[in-house]
Each structure stands twice: as structure tokens, then as C-alpha cells.
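Read through the structures below before going on.
Okay, so subunit A shows up in both of these, paired with subunit B first and subunit C after.
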Partner chain A sequence: MNNTISPFWVIVNKEIADHLKSWRFLILLFILLLTCMGSLYSALHGFKTPIKSEDPNNAFFFLKLFTVSDGSLPSFAIFISFLGPLLGIGLGFDLINTEQNKGTLSRLLSQPIHRDCIINAKFLAALSVISILFFALSFLVMGFGLLYIGIPPTASEFWRVVFFDLVSILYVAFWLNLSILFSVCFTQPATSALSSIAIWLFFSIFYPMIIHLVAHATSPSEMATPHEIYHFQEFIMSLLQLSPSELFNEATTTLLMPSVRSLGPLTMQQVQGAIPGPLPLGQSILVAWPQLTGLIAATVICFALSYFLFMRREVRSR
Partner chain B sequence: MQVKKILLLTVSLGLLSTFPTQASDSIPGTSGKVMLYSPYTRISVAPGATITYNIDLINKTKHSVNLPIRIVGLSSVWRHEMKAGGWSINQLAVLPGEKESFNLTVNVPLKVNKGSYRFGVRAGQTYLPLTLTITQKGTYQTELSTEQPNMQGNSKSDFRFNVKLKNQTADKQLYSLVSDAPIGWNVTFNVKGSQATSAQVEANAEENISVKMTPPANIEAGTYNIPVSASTGSTSAKLNLQVVVTGTFDMELTTPDGRLSNKITAGSKKKIELVIENTGSSLLNNIKLNSEKPEGWEITFDPQQVNILKAGEKTTVIATVKASRKAIPGDYIAKFEANTPEVNATAEFRIAVETSLLWGWVGVLIIVIVIGGVYYLFRKYGRR
Partner chain C sequence: MSDPIIVLNDLTKKYGDYTAVDHVNLTINQGDVFGMLGPNGAGKSTTILMMLGLTEPTSGNVEICGFNSTTHPIDVKRKVGYLPEDVGFYDNITGIENLRYTAQLNGIPTAKANIKIEQLLKRVGLEGQGEKKAGKYSRGMRQRLGLADVLIKDPQIIILDEPTSGIDPAGVVEFINLIHELSEKDGLTILFSSHILDQVQKACQRVVLFNKGQLLAEIDLAEMKEKGEDLSDIYSQYFEEGGKKHE
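Coming up: the complex of A and B.
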């Protein structure tokens, strides 16, 4: 055992190789590269507009590479929140059911390996591909930005970008787990792909519309007390935060814009006496901590569900 | 002076005895026909004045006369000169039946006593007596004067005196300007708009000098006499200027190390050490401590009031700040104020609020529970 690689890592290596060779991955990579370059161009173009001196984010000039755009294209962070799910779904929707349909799953299971090795290894392989991809993309943006603007990032800016990458990976891992879950549930890959994409579309397009409707219907009258308005805002915020993309957006906003001090509605009492200024990294993470907790929990729950279902599944050879 | 004049008179009388040879130029017996004339024979002037007499020498004889003209009875201190036709003269010739004019300029010295001074002009045997009345006693000295020799102000202000330097000597003088101020005072002289240590004043002229005095920073209240003087080798003048410094009230509020920022966790308490320093020159009574704080915050002071703080002394006050439980992370401004009836001092504090880690740990707990569930699944269904 000491000299040979454990079967778990064999499967991980094989899966990574499979992903990298597949056309699907190449297409996704191409789309992501295009958007990454597009948003970088738009951010650099946006840099040409004069800086407003009172903006406390000016001290974090480098981070604007990820958040600023000239309006023609969304910024890098927004692109990731929109296209990241697609990457996760693309890598995960057929992991189990294709193997099962091809009959390779039972052959694999006949080998002397534990059954949970398979699903763990498949998840880890996809996750490592995503991680490598995201770190590569963000360092690419940093590198080109450095070439163009010539201002190196400070240590705090660098760590903020690293944390942004980690949060992005976590977010995509959620969608990956969701699609793995569907690929365990449904025998047809098309069904699992469609259902994953349906959920993705629902949360990124229809959910905000529904919330808007609800907010419109339940909005307090103009005569409402500030207390009521505050609670209404809190209610709408909590509804919005059911969507993973909203959680991701709030977390990345906090990480990439150090001047963001709170994500919920604020009362006048809280704002009074406060002066605008950037937060230290630790405080920014603490502000986004509830969102991060939600994302981590949702990801782990999806994984646990798919694990549970896969382990209970009866796998027969054809 | 009077004695001197009489002496001069006798000398001139003595000279008279030597005249006959020259007097012989005029024909004897007809000398009454040559006369000197000036309309103003008695003039009242002030010391230092210059008088110009217009004198005519009239020849009523039938011969031309050529007469020496001299001033009699005038001391050499009284500078005088006779001029005619642009020349300095002491002999004048007149055609018969004509008259010649000449000017006599007399400078009255500054150092002269009050009284009447008689002198005369003699041309041959003719004598024209003239009298000058000096209306006031003249001086031969420098005068340093000001209209307002006393000023009052607090220790932070400058004192400007306008001093008039009058040169009443006969010569142009270069005065060195000196003040005898106590240690720590800064005294500067301004002459003609620029700072200077000496001033040049023409004879019988005056110069306005502005004297600026800056008291030392930590001066005590009181009356200070500061003599200033203008002196040359031969003459000098002194003037006493008086400055009354009132006590100042000044107070500073800061921390022992001067740092005006601090960290606090939302909802928790923090003790901040404050230092009150009396930087004025008077005693401060009843220093009350107040604060201007964000809503929901609590700031208390221990002690709440400082009863007496002597000039130059410090005292320490502990401020306990309690941040609002709902404070958002980031910077807040809190203002501490120390008030007395006379003076206020404020210190603006930048307080960085940190989120309480409690909810962070709750989040960690949720994650740990979920991962624990997954671990349970691994153990149960891992089929190992």
C-alpha cells in the first residue's frame, strides 16, 4: 500500500484527466476566458474616469479591477456570480448517471475499492479543476491589471482577492454538489442537467422578480413609522438571502469593497457618528460571515444528500 | 549768555577804536548820510529757527562808499552768514544816492535759553541794532516719547507701541535702539516699515518707531516695565514702556501617548485614559467632562469633574466607553469635551468598532454540525 497510490487518488487523477480532455470543459473554459478578458477590458476602461476623492475605496485601488466596469460589460465579480454556476453544473450534472447508463459504474464497483471513494473522488476532482481554474483566472486578471495600471496590490488587497477566490470556489462547489445530487437522483443526464439549469435560472432571474412582487405587495404605506420600514427591509433582505447567488454577491461585495460595513438595513442610530473608512480584512470577513456560513452549510448539505442517496443506491450490472 | 553778549559788545567797541583808518574811506561828517535799514528789527522765534534779514545799505552822500560789514554781538554758536547776489560778503560798495541789499541769515541754536538777544550789523560807522526774542527754552538733546506708554493684553498677544524719536541736536544722528526686557521677551523695533536695530534721524527731525513686544509663552500674569532707549555716543534718550499681562485660560485634552484612536468590540466596554493639561497661566476651576457620542453609546468619566487645576499641571481622567450593541463594524467618531466657564478643550476620538465574535462562533457551530452529519454518513454508509 505504501508504494502504490491509494485507489481514491487514482480515481481523482483519472477524473481530472477526463475533465480536462472533454470538449465540454474546453467550451466552458473558453467562455470563462472570454468573459474574464471582457470584464478586465471594461474595468481598465473604467479606470480612465477620474477618481472621486471622497470614496474610501480609493485606498484599495487594485481591488477595483474586480469590481469596476465602464458600463459596457459587467465586472469580474458579477460575471463569476452569473457564469460560475454554469461551470459547476457543467462539470457535475452527469458524473454518476452517465457511468450508470454506460454500465461502467458496476464495473468500477467490482474493483476492490470502497463505494464512497467514487463519489468523494468525483467531487474532489471537479472541485480541484474549478479551484485551479478560478485561481488561474483571478491571477490572470491581477497580472494583466498590474501590467496595465502599474500599481502593485498591497498585502491586504492580495489576501482579499485570495478570499474572493475561495468564496467563488465555495459558491461553484454548491452548484457542483447540487448537480451531483441531481445526477444521483435522475438516471437521464439530460433531466439532471435541465433541472440544475432550471434551479440556476430560477435563482438568478425569476427569484429577484418574485421578491420584487412580494416587496411591492407588502410594502408599508408612506405613513409607516421608520420602525416598520426597517422591519420590512429586513424581511425582504431575509427573503433575498434564500438565494445562493445573493449570498455570494453580498460576500464578494464585502470582500472586494472594504468600505462596506454592513449588509442589512441600517437604522439612523447605527449610522450616526460613523465615519466612512475601510474595514480591516478580518472585520470584512466577519461582516460576510453569516452569508459564508449559509453557503458552506448549503454546499455541505447538498453533498451529504447526494452521498446518502448514492450509498443507498442499488447498482446492478446490465 | 547775557554776560557773553556784553563781553562781545565791549570787544566790538574795542574794535571800533581801530576803525578810523577804514572809516576814513567815508567822508567824515557825512557818515550820518550812510545808513543801514531793515524793516524787522525785533523778531520772536523758537530755538532752532533760521531767520533771514533783508538789510539795505543806503548811501546818501555824494561819493561812492565801500564799507566793511560785520555782525556785532552774536556768539559763534549762532551760525550766521551774509549774502548778496549769491555771494558770501563782508564788504559792500554803494554808489552815491543808491542802495544795496544783502541778506543776513541767522541760525538760532537749539540749546538756548529763553530771553531777548541783541546784536547788530555795523557798516563803517553805521550800526543797525537787531533783537531776537527766544520764546521758549531750547534743548540740545534726544527725545523718546509715546502717547500711550501702557498696554494690556493676554500672554498670547503682541504689544505694539508707537514711539517718536526726536533728534533735537544740531547734527544728524545714528541711534542704536536697545530694550532692556526681561528674559524671554522678544522686542523688535520697526523703522520705516522694516525691522531694525538702529535709526538714523536728521538734525531737528523726528522718526516714528514701532516697538513690538512678544511675551514669553509661559509668562505669569502681572505688570512688566520694559525700558527702551535710543543712544549714540553723544546723546541718548530712555522711555519706560509698561505691559500688563492678564492671565490666560487654556486647556488641552489628550491621551498620555497622544493617540486619539482606539478599538472596541460592539456592545462591550473599554477604558480610555485621558489627560487634561492646564496650558494657560491661570488657575482653572470646575472642569466638567462631557462627551458627544453616537446614539446608543455610553461614555462615563471618573472623576466626572476636576475641581482645581493649577497652571501647567496635568490630571488624568478615565473615560469608560460602552459601544452600542448594534454598532456596525468600522470607524466611529466620539468627542470628549472638558469645559470650564473660561475655556473648552475637545478631543476627537476615532473608535474602530469590531464585530463581536459571538455570531461568528455560532456560524462555526452550524458548519461543524453539518460536517459532523456528513462524518456520520461516512461512518454509517462508508461500507468499510
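Coming up: the complex of A and C.
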């Protein structure tokens, strides 16, 4: 009897097929491929400038493919932090409300499936598409990099790239969930797309500006004690960290630049005697852990909210 | 057979101050073809939504096959096929693929589903149209496809909300014959909501009149005929009274 797939996987399969067949996905893929090429080009170009021998990151030559640029285009990691949200929003903003508007949601919900199953399946489907895309892209970058620079990545570099992919997926998952939340809230797909994009723009453009203003207004005087300066810096850091893209940037910086040992301000005591050397992968992950938890929490909050709104909502046909 | 299969107990739904369904008590027996007749906005669709757990009652409850619709919607939905008013399909895939998706969601193995889909398309008058994209279907064809979609899971009960809207007159006759066939041959319990008196009279055995969220009367059509009365007389009698009350 059990030779049939469970409804959950039926929905996942259909959703993945829908994504892959949609124009929207092709367009996003095209943008990401362009990004990939552009940042790869600018990274390889950046390699031509002589390498400073005292840089502890030099041992991790390969990772620079993802972080270095010649200045003409942003690096891969920065591109992802900017375009990742677009990918998440693009795949999620109409997942629920289009079904409602087409009248398929009420038909779907009159089948013997739990409501949460629908949200979960749609989320998982979009996430799998994103994951495959990211892994493919980063392997593409690695492959081209290998061809051009001829030095294979070390195992540690390879794992760092894999973790970078995982963090990127987590980051996009946040935006995906946010847009799913809006697709539950708003009946018009245009409204939900616009709201998600508004939040994305706010965090990537306006939020840093606001923080800048706040920092300017509250900065301690020149006579301030180191203690005061330390606290001020911590305060600004914690404000910055309310932004998901900042969390992502910090986490990827630690993963892709093994010499980064702390993301917050350091006191002289902490810096004294520290040898500027790379951290092992496990330690880098530990440094980025608070940022990762922050991202996970934000993702879970969006998910829980859409759950809460969707589970008890009245579903009429159209 | 006269086992109650759908039972509404004091069912009420309020939207803010507005009462869409007002303390409705109703029992539908197994094998009945039951009509819900009422003008637009009477609360028919709202009552149906509560039966399927698609919205929560403000008070009261619905029991279908012994399961509470609010607390055990999955068990209810295994037994009930629901055709929403203005049913929608995924436009980018064919009619057959739409039906296959529903079949998969209900755990019907593919081989069996394919056979059923063929049969059902024939039964609802869409033979040879199954390969068309659902987006290219006309309104009436969508409604027919909807009926096939409801029947694919072999339900015990089917709930049809204005199923004839958009179907041409000849189609309506076929449709009513199909309802009789489903009731007699397949032993289904059928709940048929409509505002078209004539169709309800032809299709159903028992009818409830609905207005402003209230159940006005329950009529056995066979008994009514014996008494020599006519449904339209009763209907106008109730609605004129209702009209006077609210003047």
C-alpha cells in the first residue's frame, strides 16, 4: 500500500518543478550567473597586483576568489549579500497569495493535508532550488579559479566554501521566509513583493545611513576614556547587527578570511600578544556563531508568524 | 439508510457584528441528495466552509462521519469531496495533470489514478479535452473539471457549492443526471448549494431554505409533492415574509 509518496513530497516535487520551469527563475539564474562571472573576473584581475607577504590570509589563496576584487566590481561574497535577498524574495513573494487568487488554495486545502504541510513544502521546495543554485555557483567559481590560478584549494578552504554556501543559504532562507510571510499577509502579489523589496532596500541602503547618523550624534568626545569608547563601539555594533545583511557579512567575513578572530571591538589587552595567524575552521565558525544564531532566529520568527497567520485563516475560493 | 452523516449543532459564524450563519441545526442522512437553497449572501458558502474546517465556527460545531470538522479536519477531508464556487486550477499544466496532482495528494497510485482520470473525464463530459492546459479551459469546462477533481478521491460525501454556474443548459441537465447517478449507483451523500430553485428541485430529495444566516425551513420534496405543493410557492412565501419582517 505504501508505494505512494506522502502529500508533503508531492507538493515539494510540484513546487520545485514550477520554480524550475518559471521565467522568473531563469531571470534570477541569469542575474546570478552574470554576478558570478563579473566577480570572478574582478577577483582574478585583483590577483595580478603583487601579494603582500605579511598578510596572514595569503595561505588561503583560494578563498580570495570569493572576497577579493580589483575595485571595478564587488567581490562574490558582497554580491551575494546584495543579490541573495532578491533571490529569496523572487521565489517566495507569491507562494500563497497566488494560489488564493487563482482559487487553487481552497481546492488544495480541501484535500486531506495539514495546512502547515503546504507552507513547509513550499518553503522546502524554494530552499532546495536556492541550495542547488548556490552550490553550483560556488563550485563554478572554484572550477574557473582552479583553471586560472592552477592551485587547487586545500581541504580547509574547500570546507570554508561549503560553509559559506550554507550561510548564504541560511541568509536567503531568511528573505524567503520574510516574503512568504508577506505572501500570507497580503492578497496582492505586487504588494507583497513591494513590501519585501522595501525591507530589503531599507536594510541594505538606509539602515547603514541611519546608523551612521546615530553614531555621529552619540560619538564620545575626544577626551573620552577607552572604556567609554569601547562601549560606544559595542553599542553601534549591536545596532548594526539588527540588519540581516550585516549579520551575513560578518559571518561570511569570518568564514572566508581565516585571520579574522573577532567581529566586535577588541581591547588592547585582548590584542596584545596575539599573533596574526589564521584560525582553524571550527574557531572561525565559533566566532561567527552569534551572527548565525541571529540569522536563524530571524528566519524562525518569520516562519512562525506566517504559520500563525495561515493556520487559522479563513480560506474562500478566490 | 438513515444514519446521520453530517450534523450541524447550533452552528454560528460571526464576522465582527455581522452574523453570517446564525445558530443553524441540521442533520443530513447518509445517501441523501440535500439541497441548500438561498439568495446571495444567505450564508450557504460560509456554512460549507465550516463543514470542511476551512474557517472556524464562532460557536457550535459540525460533525461529519463522526469527526469534528474543526478539530479533525483531515479525517473529514478524507471522506468529503468539496467543489468550491468558482473553482481554480493551475493554469500552466493540463487538466489531466491537475487531476493527477489531486490524486497524488490523496495517495492514489499513479496507474490507478490514470485509469480513473480517463473515466472521470468521460463522465463529466470533458472527453478528449484533458490534454489542454487548464488555463485554456472555459468557465463551464473548469467547473466540469472541478467535478472530476472532487470525484477522484472516491469520497463518501460530496459538497458542491454552486456547481452549475457557467455550465450551459444542456450541461446542467447532464449534470443533474450525474448527481442522480452518483447518488443511486455510487451511494454518495450529496450536498448541493445553489440559488437556482429549479435545479435544486430537480436534483434533490430534501431542501433547506436559507436566508440571512438562518435556516427557514426544511422540506422533503417527495412529501411536498404528495401534498400538491410547489417549491416556488413555499420559497416565495418565506421570502415575502422575510421581506416584511425587515421593512
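In the analysis below, the second predicted complex is superposed on the first by the 316 of 318 C-alpha atoms of A that agree within 3 Å, B and C clash if a C-alpha of one lies under 4 Å from a C-alpha of the other, contacts with A are read in each partner's own complex, and residues count from 1 in each chain.
We take it that contacts are C-beta pairs under 8 Å (C-beta built on N, C-alpha and C of every residue); 3 or more make two chains touch, one makes a residue touch a chain.
What you see is a predicted model, and the numbers here were worked out from it, not measured in a lab.
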Review point. Given the touch rule stated above, what does A:114 touch, subunit B (first), subunit C (second), both, or neither?
Key: both
Practice item. For A:311, select first, second, both or neither according to whether it touches subunit B, subunit C, the two together, or no partner. Key: first
Check your understanding: After lining up the shared chain so the two structures overlap, which partner does A:76 touch, if you call subunit B first and subunit C second: first, second, both or neither?
Key -> neither
Review point. Between subunit B (first) and subunit C (second), which does A:303 come into contact with in this model arrangement: first, second, both, or neither?
Key: first
Exercise for review: For A:289, decide between first (touching subunit B), second (touching subunit C), both and neither.
Suggested key: first
Exercise for review: Answer with first, second, both or neither: which of subunit B and subunit C does A:279 touch in the superposed model?
Suggested key: first
Exercise for review: For A:175, select first, second, both or neither according to whether it touches subunit B, subunit C, the two together, or no partner.
Suggested key: neither
Point to revise | Residues on subunit A lying within both footprints (that of subunit B and that of subunit C) | key: 114, 312
**Study point:** Contact footprint of subunit B on subunit A as seen in their complex
**Key:** 114-116, 261-262, 266-277, 279, 283, 286-287, 289-290, 292-293, 296-297, 300-301, 303-304, 307-308, 311-312
Review point. Considering the complex alone, what residue numbers of subunit A touch subunit C?
Key: 3-7, 10-11, 14, 18, 21, 102-104, 106-114, 312, 314-318
Review point. Can you list the subunit B residues touching subunit A in their complex?
Key: 293-297, 324, 326-334, 350, 354-355, 357, 359-360, 363-364, 366-367, 370-371, 373-374, 377-378, 381-384
Study note, to complete from the structure: Listed in rising order, subunit C residues that touch subunit A in their complex are 45, 49, 52, 54-56, 74-75, 77-78, 80-82, 84-92, 101-102, 104-109, 146, 149, 153, 161
